[in-house]
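There's a structure below that I have some questions on.
Letters A, B, C, D and E mark the chains in the order given here, with residues in each chain numbered from 1 onward.
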């Protein structure tokens, strides 16, 4: 496991927990406002590639958990890169009532569609995001569909089943 | 039969009488040159018909020709004096409204002296007398160039003075050598005895005289004073300098070459020199963006063309050369007069400052355009028949060399067309920034322009009007023997 | 297959023409499109029956809606259907267009396709095999023969209903209605 | 109906319209139109007359003579008709622009001077009218300020070079033969030595090649066509550029006589070979450069250069068929290039001066008449069988093939195919495809613009289907040059080596169209649909971004653009820059320091004396 | 007799064209190791298309298709088919050359009106390809015309009757080879199918052609096949005394050509242009030079 990166992280950042559930994955949990600095640190440390930005809806703790998955492109010529691949999973918690978070486009430009999707499906607003417009869905939803409290069956009954079948007029 | 001497005497007399008139009342002073040249022009026109038949020889002080000073009023002389009178008159009328500040009597006196000297050079039959009148002409033009008291004016006047002085000294030395050799100063007598002397002893005075006169006639290496002098003189004076002074210098060179020395073998050299002057003049004009310097260089170019025409030395060529000289006087005079008011209106001599002048001063711009088109040699204007005659003469020689030379000459015309059309485009096709309301030149300025344009158009469309005077003038220059016989009898 | 009977050709050329020259538009709507390439290539060769894929709706008269239809794809399907020249037939592939299939409770897929565009034939199965497609084609022949494949006529006569359903689903539509809506009400097919 | 009266009406009309413009502007336009139409009608009465009369004696002992024969009448007729149509066209085009009096004066002056050139009986009046035409065109090209000044300057310098070389040629004729009267010259000149004839052809050739935009001397044309006002373009491109052709005809066929003129010079470098190969190169190179342009008028300019090559090919071989082809092509080209410029003008008038091909589109829906004009114009330009372009090209190809010059014929045919590509690009970018948002409410072209277009379109079809009408006139021109006449029938030319029969083609095409229309009518009626309802794989049409125009023939561009840049244009600009530097260099000689000036004088003196002493040259 | 010929020739050409289209699809299927549609499938398609109510984008859209089909019909009147040659004496090869360009030009105009970039890209490819194959084609035709010193195609055919076929005669052998190399490009089949590439630009200019327009376009494509091959047979294979032998020769040429080209993938337009302007043009120029040498 990347011993040196773990110590380095704990040394530089105060409120940070670094765990390694499996040999090729390292889970880092930080506070909301430390995310950008950690991402910058990791990026300069060789983890150039932002794999995915996703979100977990902890409805009981009334929180969203944003998950950033990073991996290293170039194996050999970086300080913390090791022979076997390590994916980093950075987690942070934000409140569920008014889901606000700052965008990470200045650090990883390719986060733009991911954040747009999160905005559409979870209703998280990212300040500084250039285009928070609908990406996948056609209709607008009262509760963003991916949230746990969104009842799909109810929605289907209310939207699709109300549309009448086109009866053929009997000649 | 009125005596040609009056042509010189009247302006000379009035020039010296001018301060007296000045005492009586300041205002009438500026009308005196106008009166003088009306008289001169009328007299010259009167003389032309009977001069065509037989040249009038006038003895001054009763001494017969080889001894006393005499005037020879042949077709050439009368033609030139008519031209001088016409240009002088028009520029004098122009000066009524143009010359407002500065010592006006001095201006008018020097103006009269200058033109009297010019007429004298043209009419005299005696080389020393030629030198005297030549000096009058030069000195009064030095003074007039410095008329505007600014730094550029004085500096270029001094340059002109130094070069003129060098030239005149060579001229004097040449005349002295000739006098030492032949003991006579009369042109006809000199022409008679010239064959008897050895070639080198005649060659040195000839070269000295030609260089001396050449300085004034703006031939290539000698004309370095011209651009500064013409551009810093007041426009009316630069019109006279370009229109009359250079032509008279050129007349003197031609007279000396053709009648006195009859140096036919020098013509090839002068042909090359003419083409060289033309090309250099046109190229320098192309590289200018100050309007008056451009016109000055273009005068050098035109002089080169006339020298080339004279150097072909056939009757067509000389007629063409003289016609080109007349058309240059008219064209260049008109251009300088119009440029004067345009500079006055736009405040600077840069061509870029003339943008949209076609809207602000329509008549003046139209006159400028006609003058430009005439100098380039476009058909309905006087430049076309003169260039037509020169090209015909060059090609009539049927030598490869002359075809090549006329090719170069016409290359010069292309460059000339380029820079004149560039100015016409600036006048008409550029938007006028700043005040663009219509305010044309004053009436006194417009009259000479209209008369020039009239002459250009009339002579352009109907050249027969002037052609027989030119033919007889050409034949007088060509046939030395008649000249000698007519003077010495 | 009565393709070679000349009398039939002379009696009803249009019907016979439609039967034996079904140009299917090559428009992949859902997961079913993976079945179409084997159908048109060497092993099952749909060209034997005159069925070839064509690039644009203008040139087609058969529209295969293969697999589930998401809300966004429905817009493209409606526009393509309306761009096809008038005697046109649609065949729904698999169970999803019939009643939503395994996405019966998904918020983003259409449950019954024939609420929005008329369907002439259905092929059941969660991705029917190529033989099923040929069964559908032959079934379509019989429908054409009996003039029952009149999806385009139904669309023409009940256009205001279809249009209403579409607007109910999408809100305001970008393209103008295909047929003028006002004289629809008393229009008999 | 003497010629002097004609010229007085022409020049008088110009000056009077200028004065009327000053006094009361509203009667200037009708007056201009009436005077030019009257001129055209008077010209028609001159058919068949050949007369000659001196009209002015005052010029340096040389009588200025006006004469007319079939060739002069043919060109004069074309000039006056196209001039009248252009004046009608510019009625609306120039209505609300500034300085319209100046515009009308120069337009009518250009027309009048062209008539003067054609009727000139001797070289002095030919040269005088040629110069007036040059500087009136110069003033008109630089009419709309800005970039037009550069174009005007380029034009005037090249035309001065041309007229200067013509002046030398003309005066060498005068020096040797003592007269400039064309009729007597045509008797004397053929007997001249071939060296002198070559010298003459070079000089006159330069002047006429510049005006006719043959390849190495063509650089002025694209900018002049692009920058001059479009209504003047009709006159400029129609007949003004073809004065070069008239000049070539005059020199080769009238003055020197075809037999003597065309096989001048040794073996392969015969004059007609050089002329033909220049024409062929002009066609190919300018056609491919026209492909690369995306400014409508530049494109038409380059195509005009190309078509000039066809005319030269026609007259280069001195056979009666080739001559007929060359002259007929001159007329045809004039007709359809004027039509094309008028359609561009109409589009510019309605879209506020837009001539960039990439930002137009779909105007067929708003301006159908201009589209029909453009369509017939390009079909004439390509030479589609039922148009006049086809007949003249057929004649030219027939001469080339039967004279045994397959490579020249190949170059000409390639020119036609390149012409199809850029003609289609021209029509597609302006009229077909998606109509942009901002031109949705564009109105039709005004009637004064549509009338000339309709007339010219009918002329294209008429001469295409019944070529006999113009060919009969051209045949008389051919016989006047001493060729045996072709048996011209109303529908084409019948000869054993291949007859052209346009009536059969016309009948066949009409029959085929009727049959196909009937088949089409059998099927159900097609439903008209808006431009938004087109295939976009089910997606909505993006506004204003669904019209493919930029880099239209991209693969072709990549293959030909390195070879078909305008090298000669680049060379001319370098030459201008070089002369500028040389001039500045020479001006440095006048250093402004008096010591140098005096040194010059003394050096001059010393040099003279030294040379005399050393070699005693003088 | 001429009237019969004028009516008979287009009908024959139409039938042969349709037969060629059906044959092409059948052979292509057989090469793909599948049964393929019946030979009469194109006729069925045409009947079906005529019964569909299509869409028109404006007058030029309609007229363009009609004009191009009419020009193809007119062109057939100029081509001798065995003894039948209705309009032999009104213009000869040059008219054929020029009318040959009318069909693509008509389709281009109507495609342009369809306001669809796919159509415009298709047309720009079609015209570039036309320029591509015209370069060698023109050299070949000029070589034939200069060799036989005549403009009319009927003379060329009759000259070949008494002497040997042009293909086998020494000077024109290379020109014949060059013609064969560019034949697929003229016909617009397999390797040069760039203009109607269904996958890339959804069948190019025909993207908006509905019912009867598509029918006319298919007929025009059939006629195009007929014209391309008939020209080759007339110029190089001596163009037979009576029609049946003429059609036999055409069949042989078509089938052989089809076998070669069915195996080739579709070329990109740059590759097609580079190919067309390199080998066939070289061979054609050499052929021309040989003709000139022999002619001197």
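Following the convention adopted for this analysis, a contact is a pair of C-beta atoms (placed from the backbone, for glycine too) under 8 Å apart; a residue touches a chain by one contact, two chains touch by 3 or more.
Note that the structure is a prediction, hence the values are computed from the model and not measured.
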Fewest hops from chain A to chain E - one hop per pair of touching chains:
2
Shortest contact path, chain D to chain E, counted in steps
1
Identify the chains in contact with chain A as well as chain C, in label order.
none
Furthest chain, CA centroid comparison against chain C
B
Write down the chain pair with more C-beta contact pairs when C-E is set against B-D.
B-D
Computed over C-alpha atoms, the centroid farthest from that of chain E is that of chain B
Which chain would you call central, comparing Cα centres to the global Cα centre?
D
So, in whole Å, the Cα centroid of chain C is separated from that of chain E by 36
Chain centres from averaged Cα atoms put chain B and chain D apart, in whole Å, by 44
From the mean C-alpha coordinate of chain B to that of chain E, what's the distance rounded to whole Å?
79
List the centre-to-centre spacing of chain C and chain D in whole Å, with centres computed as mean CA coordinates.
59
By residue number and range, which residues of chain A touch two or more other chains?
none
Any chance you could list the residues of chain B touching two or more other chains?
none
Name the residues of chain E that each touch 2 or more other chains.
49-55, 202, 207-208, 210-211
Set of all touching chain pairs, with the criterion as stated earlier:
A-C, B-D, C-D, C-E, D-E
Listed in rising order, chain E residues that touch chain D in their complex are 10, 49-58, 60, 62, 65-67, 69-71, 73-74, 77, 87, 89-92, 94-95, 97-99, 101-102, 105, 108-109, 112-118, 120-121, 123-125, 127-128, 130-131, 134-135, 138-139, 142-143, 145-146, 149-152, 202, 207-208, 210-213, 215-216, 269-270, 273-274, 277, 288, 291-292, 295
Please name which positions on chain D make contact with chain C in the complex.
524, 530, 532-533, 535, 537-540
In their shared complex, chain D is touched by residues of chain B numbered 158-159, 162-163, 166-167, 170, 199-200, 203-204, 207-208, 211, 214-215, 221-222, 224-225, 227-228, 263, 265-266, 269, 280, 283-284, 286-288, 373, 376, 378-380, 384-385, 387-389, 391-392, 395-396, 398, 403, 406-407, 410-411, 413-415, 417-418, 421-422, 425, 428-431, 461-464, 467
Listed in rising order, the residues of chain D that touch chain E in the complex are 362, 364-365, 371, 375, 382-385, 390, 394, 397-398, 401-402, 404, 406-407, 409-410, 413-414, 417-418, 420-421, 424, 427-428, 432-435, 492, 497-505, 508-509, 512-513, 515-517, 519-520, 522-529, 531, 533-537, 546-549, 552-556, 558-559
Listed in rising order, chain D residues that touch chain B in their complex are 58-60, 124, 127-128, 131-132, 135, 138-139, 142-143, 145, 148-149, 152-153, 156-157, 160-161, 164-165, 167-168, 171-172, 174-176, 579-580, 582-584, 586-587, 589-590, 592, 594, 596-598, 600-605, 608-609, 612-613, 616-618
